[in-house]
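A, B, C, D, E and F are the chain letters, set down in written order, and residue numbers restart from 1 in every chain.
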Amino acid sequence: MIRVDGRQVDEMRKVKITRNYLKYPAGSVLIEFGNTKVICAATIEERVPSFLKGSGEGWITAEYSLLPSSTQTRNARESMRGKVSGRTHEIQRLIGRSLRSVIDLKALGERTIMIDCDVIQADGGTRTASITGAFVALVDAVATIYHPEKPFPVKDFVAAISVGLLKDGTSILDLCYEEDSNAAVDMNVIMTGEGNFVEVQGTGEERPFSRIEMNAMLEKAEKGIQELIDYQKDVLGQLVWKVGREP
Amino acid sequence: MIRVDGRQVDEMRKVKITRNYLKYPAGSVLIEFGNTKVICAATIEERVPSFLKGSGEGWITAEYSLLPSSTQTRNARESMRGKVSGRTHEIQRLIGRSLRSVIDLKALGERTIMIDCDVIQADGGTRTASITGAFVALVDAVATIYHPEKPFPVKDFVAAISVGLLKDGTSILDLCYEEDSNAAVDMNVIMTGEGNFVEVQGTGEERPFSRIEMNAMLEKAEKGIQELIDYQKDVLGQLVWKVGREP
Amino acid sequence: MIRVDGRQVDEMRKVKITRNYLKYPAGSVLIEFGNTKVICAATIEERVPSFLKGSGEGWITAEYSLLPSSTQTRNARESMRGKVSGRTHEIQRLIGRSLRSVIDLKALGERTIMIDCDVIQADGGTRTASITGAFVALVDAVATIYHPEKPFPVKDFVAAISVGLLKDGTSILDLCYEEDSNAAVDMNVIMTGEGNFVEVQGTGEERPFSRIEMNAMLEKAEKGIQELIDYQKDVLGQLVWKVGREP
Amino acid sequence: MIRVDGRQVDEMRKVKITRNYLKYPAGSVLIEFGNTKVICAATIEERVPSFLKGSGEGWITAEYSLLPSSTQTRNARESMRGKVSGRTHEIQRLIGRSLRSVIDLKALGERTIMIDCDVIQADGGTRTASITGAFVALVDAVATIYHPEKPFPVKDFVAAISVGLLKDGTSILDLCYEEDSNAAVDMNVIMTGEGNFVEVQGTGEERPFSRIEMNAMLEKAEKGIQELIDYQKDVLGQLVWKVGREP
Amino acid sequence: MIRVDGRQVDEMRKVKITRNYLKYPAGSVLIEFGNTKVICAATIEERVPSFLKGSGEGWITAEYSLLPSSTQTRNARESMRGKVSGRTHEIQRLIGRSLRSVIDLKALGERTIMIDCDVIQADGGTRTASITGAFVALVDAVATIYHPEKPFPVKDFVAAISVGLLKDGTSILDLCYEEDSNAAVDMNVIMTGEGNFVEVQGTGEERPFSRIEMNAMLEKAEKGIQELIDYQKDVLGQLVWKVGREP
Amino acid sequence: MIRVDGRQVDEMRKVKITRNYLKYPAGSVLIEFGNTKVICAATIEERVPSFLKGSGEGWITAEYSLLPSSTQTRNARESMRGKVSGRTHEIQRLIGRSLRSVIDLKALGERTIMIDCDVIQADGGTRTASITGAFVALVDAVATIYHPEKPFPVKDFVAAISVGLLKDGTSILDLCYEEDSNAAVDMNVIMTGEGNFVEVQGTGEERPFSRIEMNAMLEKAEKGIQELIDYQKDVLGQLVWKVGREP
């Protein structure tokens, strides 16, 4: 069984994270999963949403956007249409939840970290690349305001990957756009450094899937996540030791 | 271990489906999961979205809304705010995908079935109640245009239920609002009559969850879904025999 | 002369008000005028619009919406279109004005009562049913904050009914949808328990109407209003004695 | 009893209509009711709304706007707020209905007459001035496309005036802004040249009003309308003879 | 060489400014450039945009709108389309910048002057007429709050004019609509009483233009501006002496 | 006189254009002016705006957007605010006009070239970088549909640069953000390969500027444009010979 780009069923595309990609935000990376390229930036704002005012807790929220020219067929700019699509809303909420799951919002204090994921080129897996890259930008941003006598607000690593089922039932890891378009089942898995699930979203629009098929996909996902978190650690260098450490 | 409303951990709330609840749409039900009440209506429109024109295939799309007075604290009307929230978008897309998964869109022909899920009272589980009730309204609507010499376009049953993990790790079935607000993990599971998964969405915003915990939740979900589909069959009476039958 | 549903010209449809229809709002009813069904809810909010801040006076405002599946032909959801139609605006303003006309806004104090009228099924007369039902929900809501040593802020009863002229000049009471679609003249009349007018809106788009015809319609309206207010009193039971009473 | 500007209770402000006020539209006037000034324009468009396509009938629709600087306190521009207020919607619908009531839409043929009422200065009565002036612009516009062997599509005159009740119960004709702000009851009356009602809208938000008070207001309104229609005839000159005439 | 309306190449249309055109705003004029007619109003508001709060400085902002019936072909009302066009945005920003360039915002103090330019009839040059007229309305408005012991916040005169190149290369002053539609190059020039440029915007969409052609246009513009500022001085009468004077 | 980054007054920042930066659009570049980085993409669509249907002519339109994290202080995403700012509108229109000025729209045929300029990093001059880079993407896109027996639709080169006046009156070329924020006068100049002006936009919000100062700025602009067009030619290589050539 050979995939469209020659990979093994449990082989990821080449992943590359370039730290400090932008000049202005507190943290920023360019993350590449093969041809998929996303700029992830983390900006710290000294305010919180109204439901948190006075609580002493912080917040993390995310925005996601496809550049119009990032997709095979140009996609209309959401600012020109005057509204954000349901798909964008769904992805933004997923990124925000995933990152919040590894943050100690009390330790963060009353500030908001705004995550921007802007997709430069979309070849499948943009939401999982966004989460994986945004985590690194987030650690960089948090480090700029870290007080060494307080706990570091990032409690654990988090990364995301897609898995799926081909029409013949083969489970594969890290789908590119062509595979994604033809898959029977599509699943996004987000896990922590400790190997637990933050989010599992499996969809069988093409056909339902069995418990056994789900397990096969989850195993591939675990392998992929492990590789991604190892790479995040490589990339973060010294900062790795802060994640999850008490003062 | 007793739950806030005295149920066992794997016990559902009382479910009730009232068919033909409205006068005008082709199919409509009121579905109640305890205090949660949703009107689900299915309207047949003789047109398809532009990406299907000329394809011979039909489509199913869904809209979801909370009445402002359905929630503990009044929630602002989306029509007055001029835009639909991310949460609403997410639920609408989920309902649409779930129902499409059991429909033979070719057999449906070039028409759209518009599903409206309007929540009258929200006490947890409104999206799963919406899917479970909308399926019945959908069968009723399809029956009005069914040609006995053609395959019935509904291929299988589909129902949805929520499961979750309490903070102490206990897994529970069919969370009410109070339980949902306090749960560590929340998972929505959508399954067919054949026992396969259409959609699994688990979120551990409060804390990540292990594979073992996920399995415990999935088992409770399977039990709940089985009960729901049995009840759908009761409610549909004669129409049950059409679902999934060839001409 | 027999009407489409066999009623006499001055005969109303069966009216039914179910109090405490919803669990969460301070006051709520389901009101039915024949097949027309509206959920009316009253929520108390401890804030006022900016033009009343510091004035010591309260406010009542109303929102109205048709469920998409409430009408003969499905009507598009206003939240999805991103704006509220002129018809909805007009009805919302009418409901708000009508209820404010019988409320002592000073006695209410600096709080807003938010009225939500959500039409479940629309068979003519949804705006008049909304006003008539919302009044009962309003009294229930006000009673929850009533201080017996202060005047009860509801000064009088208020109810609304539609009247119209058939093409042959016959005036009729309480038009159903089919009659409304065919009427030459349509008039909505809103009156207090004391028998005075709060609002009169007559429209002769099909043909103009004479003073004599207007008088014939107003007489039928007065009869209908009297019956509605008698019924409101039945339904409110003990609370009737509070309306209009000083401490 | 003397009014704020010294008028008798049944005395109108000075009314002035300037025909052909603008260069481009098919018909246009400036109408002045004292300090109230409205530009009314009628534009003929060779298309109809979709619900009339192929019907052979025409349509009349109206838009209304206050210049930001037309009111005592500047009112925010609706284009900048991105939405039209409920009040504007209500007035636009009223103007459209009123003019359609005197037009033979079949004789008009499949075209739309677009009425624009732009208020330059607002001192009370802008909606009634709009209707009264727009009628003249409409006749001028229709005359440009009138075929002498076909019936003239304008069947009758139409004009509008406001009446009201002061707090002491005195009924007055043609309220200026200061009177309107202080009135207990406000009523807009629209009548045809034959003396019939097209629209009656009375509102007693300040206090309810009796049948006797309504009659007193209607009598003053009839006097005012008579004067307005006489003046419309003066202004239209030769065109008067076309209104309501068969070929 | 004769222009469509018989003017010389460096001849302006007849310009007329009517001061105090409206009753309510602090300053208002009707300005006419031939058939182009614009109402310019200046309203003083005792607040500033958030970026100026506490700065002691004021602000001037402008809004511009075409009446739907002001143009050869009716232009759709921006409030009904729910958004403001790019052209409108561009003109509003230009008017605001131009007026701010001659105002001492510190001397104005923490208040905003809101400029409204509403085009009644559009025959070319509406943006330049707006600036030229708004300046006069602005001086009138500022005079109402002027404290004689403080510097008058208007430092200099400002006026605007259009120039252009015909297809044959002839440069002309003050283009009417027909000329504007056929011009090869269009340039708007805004200058102060001292003869300096506030804004130069030249556009050669039809064909590029040379430095020599630009100079020819600028010379005509200077002549036009000189005439406009002379006329502004005539119109302002006594107020002229305040402009640019220290206390 | 030394500038903040050590450049001479007539020295540009380092400019770099990377062709074929994206995988999917017909033409795309990354253009850098120092720290300013813009992705410019050109997509060909086989349709024209309605005003050109059947005309045989094509169109070029442009959209511009700042990534939220591209600026010193994060700028809110226009899609989330639901509307496009005046500044964005102004820039989009400028880019579109500038590129159309060198295109033979008849030779292009009935198709639209959609230009997307997405600013990755903003350090001054984003609109001029957008135009200069978009021209190269446009040539690449046009080349993909070029028929050698027809004229090449790109008639000439076009590039854009900013110039300005410091507070002391010194004129400088190619302002970075810090210079732009402090400049007294800001001017954008767009010129063709033949040395003519396509657009000149000078703004003296801080203080008006004289004819002599304008000439000084224009001379620096001409020098900058010459360098940019030389560089565009280098970058385009073989394609240079097509620009402006007949078949």
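Throughout what follows, a contact is a pair of C-beta atoms (placed from the backbone, for glycine too) under 8 Å apart; a residue touches a chain by one contact, two chains touch by 3 or more.
No experiment lies behind these values; they were computed from the predicted model shown.
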List every chain that touches both chain D and chain E. none
For chain A and chain D, what is the smallest step count along a path of chains that touch one another? 3
More than half overlap in residue numbers between the two sides of the chain A-chain B interface, or less? Answer same or different. same
Distance between chain centroids, defined by C-alpha means - chain B, chain C (Å): 34
For chain D and chain F, let me know how many angstrom lie between their CA-based centres, rounded off. 51
If you average the Cα atoms of chain C and of chain F to get two centres, how far apart are those centres in Å? 60
Contacts with 2+ other chains: residues of chain B: 82-83
List of chain D residues in touch with chain E within their complex: 22-25, 28, 35, 39, 41, 43, 45, 63, 65, 67-74, 77-80, 82-84, 88, 114, 116, 118, 120-121, 123
For chain C, which residues are in contact with chain D within the complex? 83, 85-87, 89-90, 92-93, 97, 100-101, 156, 187, 191-192, 194-205, 207-211, 214, 218
